[in-house]
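Each of the two complexes below includes chain A, the first together with chain B, the second together with chain C.
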Partner chain A sequence: MGGHLPVNKTFKLFIGGAFPRSESGHTFQLRSDDGRLLANAARASRKDLREAVRAARSAQAGWAGRTAYNRGQVLYRVAEMLDARRDEFVAVLRDGGRSDESARNEVEQAVDRWVWYAGWADKVHQVLGTVNPVAGPFFNFTYPEPTGVVVQAVPDDPPLLGLASRLAPAIVTGNTSVVLAGEAAALVAMSLAEVLTTSDVPGGVVNILTGDRAGLLPWALGHLDVNAVDLSGAPADLPDEALADAAENVKRLVHGDATAASPSVIAQFLEMKTVWHPIGR
Partner chain B sequence: MADPKSDDPTPEFGLDYAPAPESTAVVSLADEYGLFIGGEFVEPRSGRTFDTINPATEERLATVAEGDADDVDRAVAAARTAFEDHWSDTPGSVRARYLYRIARQLQERSREFAVLETMDGGKPIRESRDVDLPLVAAHFFHHAGWADKLEYAFPNRDVAPHGVVGQIVPWNFPLLMAAWKLAPALACGNTVVLKPAETTPLTALLLAEVLRDVDLPPGVVNIVTGAGETGAALVEHRDIDKLAFTGSTGVGKQIQRSAAVRRLPLTLELGGKAANVVFEDAAIDQAVEGVINGIYFNQGHVCCAGSRLLVQESITDDFVERLKARMTRLRVGDPLDKNTDVGAINSAEQLARITALVESGVAEGAVLHQAPCDLPPKGFWFTPSVFTGVQQSQRIAREEIFGPVLAVQTFRTPEEAVEKANNSPYGLSAGVWTEKGSKILWMAERLRAGVIWTNSFNEFDAASPFGGYKESGFGREGGLQGLGAYVRDAEGQA
Partner chain C sequence: MNAPTYAPIRTTSVDQMGLEARADELGSRSIKTSSKRAALHLAVRCIDLTTLEGADTPGKVASLCRKATRPDATNPGIPPVAAVCVYPEMVAHAASAVAGTGVAVASVAGAFPSGLSDLDVRTDDIRCAVADGADEIDIVLNRSAFLSGDLSTVHDEVAASKEACGDAHLKVILETGELGGYEPVRRASMLAMAAGADFIKTSTGKIPKAATPAMALCMAEAIREYAHQTGRAVGFKAAGGIRTSKQAWHYLVLMGETLGPEWLTPDRFRLGASSLLNDILLQLGRLDSGRYGGPDYVTLD
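And then the complex of A and B:
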């Protein structure tokens, strides 16, 4: 028997640093343009979402408590590991119907995006924070803090750059994220999970759920321990009632562009804290 | 230092001050006010009006138009026309001139505004004169300077105003909240429809006169008075480009529901249940003053009021005794009296709400302490109150009372203080009292709130961003961070 029969990868979910199957046992099939079976990917359930939010909440204080310098290095490590697995991502993108050149471009841009946001970790405070000249004997300053747990409906297209462009600015300041990847971006997202797990990103800082993004979003919008929901990749026909439910705990609803890179994107996932300290003898 | 116990050796100083009422002659009220739309006062299409009263006397001050959806529509149309015809093209340097003019007018007519604010809302003249009005003028003056510097405020961004902004302000700081909303909106080139609170519309209407006097073009600011229905009509209006609301968390959530569905830019400044944390190593007398100011300022009608005192267990008994002693020295009564510390409750409705919550505190087993004081026979009043023996599960520890009622809890370690302070759906403000600098910053880092006062409380400034975490809302008002709520990325920009 000649040649090597490939060992196909099983795609599961990424929750709390582990790769569990969906508790529901549900999967969906992904096939290449020419009909080849790529994977039976996991279709995350509402319970998987709850587990992911719990993992994200548990990891949040520790991640935010790291030094900015350290978070910057962890994100840079993501770029390193992504770059090292460039060919694998090109292959996954090509399976999704992309040309070799387009796939290579996207992987390079995604690596660049992770490097770019890595560098922001210890600069955000200096760019977005202020010392405020109040009319009284106070030292008064404003600085950014992470919002907390963010659920991110990431864009389908471009899958890898879109994921980098939303996820990196959310976590760089100390938020933790539950990524909802649609079916089209599922394999790219789960491949990135393998990068993250080998990149010193603590378990629970990023959690990735694949499958029925439109079905999971209403649960995320109504979840009382979620601080913000990123709708940049949300379907346009999300039910009104689901969006309205975000008000139940005054969630931050974030709308964003799939590929924009700016400190304004980082700011979408931040709260501003102002401290008054008296000046006196 | 006076021993506040019952065997108090301090001689009686005779703290019954002679009355020192501020004259109301400086205010000349019209009997009726229309809606301010397109630069003039107009009759409401609704045909409806309501009376606004002085909550300290229950006397009618004026009759005010109650706008309905039709009136809101007319105001939004005026704002849209002004935006499209000229305001969006008016250079920042010119917008700045208008804002500077408004600031100056407010400074010059400051006493008149302060007296009217006190008459309509019940807050002590000392506060409207020394806090509200100076901050109002400062807010316009501060933002005037931003109007022609937006490219420095938002470097590497091509920003544009939203267009027509709907703004709804509360009754606790009527003119100040209007200033916080109007100044950044105008500085950034938006036009506005403002809805003042039902019980305190008068200073906004007097401001309309100022806007006319400074020749602000018609339609740039429109003021539609009314109650909840009027506000709802503004929130639901389809030609609004951005909404800003300050008020209760309950109403804020309803507004967010509406705005979320339409993906409408929104900022919310909502309720609070701020912890004021006093450590054993605090400057105790200073902390007592700060706690008193934190809760009794403006009768406790303050979203950032320090309504939960967290005091370290080792000093609790002494601290509470001092607090109770200090409470007896608060002068409650005529808001127009220059010696008054605590004025009238803003409305009968609010008084009923406070009363119900205080009754719940007693029913749930907390111990109520009230300073003995003679309340005026007419008007709405509530005796400054402190609850001890408060459990976290009690309503008085969890819900915003928005009145002069303090709930005292204790803690042993800084970690426990953080845990208790953050145990609230709210996150607007917090206070920390200790003489140890590193502990101040350790606490400030961990408290989940937008404004942290250390060895101070209830300080405000136009340059200092104000706003909450969690269910206290999102967005900031004041300073550079506040300005951002009133611009969007220009078309074609990311």
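And then the complex of A and C:
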């Protein structure tokens, strides 16, 4: 008896640790470079975005309240699980038209990127925090705090490394993220969701929406419960009104490089808080 | 057991599957954007804005009353709620805070939330609350007597409470989660109405098993049957676990479809809630601005 019938995966969304279909019921087709149907993926609607932001908001305090050491361990666990599924990601990247070598290279770099940012979890405060000289009997500290809920339009290319290079520095300090993956990177992003869900990342810390990124971004920019929007992979022609809406609640709008790795990327998703404390006698 | 002290009432048995399916179906109805604003305003007008915590203070009640009379400080177009609902000790504070605004003061009374103290103590509790200025009294049904089959006691206690209320409206909380099913809820509804309840109410909000739409439908059907039998219109109050606008208009649809539009007024329909109001304000804000709001833009209660 031969002829095993292949079980094709239906890619859904990743919201609050679960994999729901889009509320709208809409899907789109993902095709390989040579036109082969790879999968049907969910096309997220603005209501899915709303749910994802809600999930991210409710997870944020708990995630930020964990010890830095623990968040580092969780990110390291993501790297472990990603490494264990290396072949699957190589296959996904190859379906996107990459050579075996370049695909393998990218997966390895992405694993390294997660490990690298995991290490920063309990170091970033020492590097970015300061003790400031003031003219009075006070200690004056500046220390970084997470911004809150971040919506990230991640770069499409390179898909896996780009996602790691933007997502890991955002969540390592206690932010929670809603990732808007472009159509081209949808398969990689949703495969990563399966890694995240098995990596002790609490539900809601990372949420991934696929589909119409350009259509969702104005909703994210106008959403008053979103604290920052990462525009690294966003189209250049965002409507001016959407950007003006973003200013309403003083959102952080950040742009970044798809492959850069630096503590200054972590700093893009941080607020610096300064406190004065009297020096006792 | 004593012979019944009340005129016999007929109680129709409940088709559980049909009831739950109907309640679900009414919840899946889509509300068009053009109707949403009207529905949300109606929901606000029907809210009993509630705080029932041991930690309630006169200050907290005063801020609740401000919120009740003007739910959104930035938008005078949003109507005041129907009533504030507090413990008897807080009634006087609430009554002075809402005086002249049209917002009523409701008080739980009668050994809320268990109802298990001497009847005289409970009726005195009611009289005190009314004397302090309560317009509406929420009492709990004596579940202990009801579950023992002592329906006469249940009936007489509600009747005595109604008498103690004087001019105040009486709402009787069935605590559906403790009655053990739809049939007893339907029977308890008929009993409470026959004993003189002006409203019947689902839950106290003090036990994990809160109001469900199916329970609400079961009670609404009882109200309809009672109105048909006697010609008296009894109101319905849903309470416990109602936090989202979606849930609120599920109850509105359910009332409108079961009892008709004449029940869609604060005189005959109430939503007991605290955090629901903020969710409605966020929804209304979203309809006005076309953008999603967030908890930073409404008051902390």
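Here, the second predicted complex is superposed on the first by the 278 of 281 C-alpha atoms of A that agree within 3 Å, B and C clash if a C-alpha of one lies under 4 Å from a C-alpha of the other, contacts with A are read in each partner's own complex, and residues count from 1 in each chain.
Basically, contacts are C-beta pairs under 8 Å (C-beta built on N, C-alpha and C of every residue); 3 or more make two chains touch, one makes a residue touch a chain.
On a predicted model such as this, the values are computed, not experimentally measured, just so you know.
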Quiz item: In the superposed arrangement, does A:A244 touch chain B (first), chain C (second), both or neither?
Solution: first
Quiz item: Thinking of the overlay built on chain A, is A:T10 touched by chain B (first), by chain C (second), by both, or by neither?
Solution: neither
Self-check item: Which superposed partner A:T67 touches (first chain B, second chain C, both, neither)
Solution: neither
Quiz item: Is A:N140 touching the first partner chain B, the second partner chain C, both, or neither of them?
Solution: first
Quiz item: Taking the superposition as given, does A:N132 touch the first partner, chain B, the second, chain C, both, or neither?
Solution: first
Self-check item: First, second, both or neither for A:Q29, with chain B first and chain C second
Solution: neither
Quiz item: First (chain B), second (chain C), both or neither: which does A:W276 touch?
Solution: first
Practice problem: Give the label of whichever partner, chain B or chain C, reaches more residues of chain A. | Solution: B
Exercise. Quick one: classify A:W219 as touching chain B (first), chain C (second), both or neither.
Key: second
Practice problem: Using the superposition described at the top, list the residues of chain A that contact chain B and also contact chain C. | Solution: 245, 248-249
Practice problem: Going by the contact rule at the top, pick out the chain A residues touching chain C in the complex. | Solution: 50, 53, 57, 219, 222-226, 245, 248-249
Quiz item: Given the complex with chain B, which residues does chain A contribute to the contact?
Solution: 128, 130, 132-136, 138, 140, 142, 227, 240, 243-250, 252-253, 255, 257, 259-262, 264, 267, 271-278
Quiz item: Given the complex with chain A, which residues does chain C contribute to the contact?
Solution: 290-297
Quiz item: What residues on chain B touch chain A, complex-wise?
Solution: 138, 156-157, 249, 252-258, 260-261, 263, 268, 270, 425, 440, 444, 449-456, 459, 461, 463-467, 469-474, 476, 479-481, 484, 489, 494
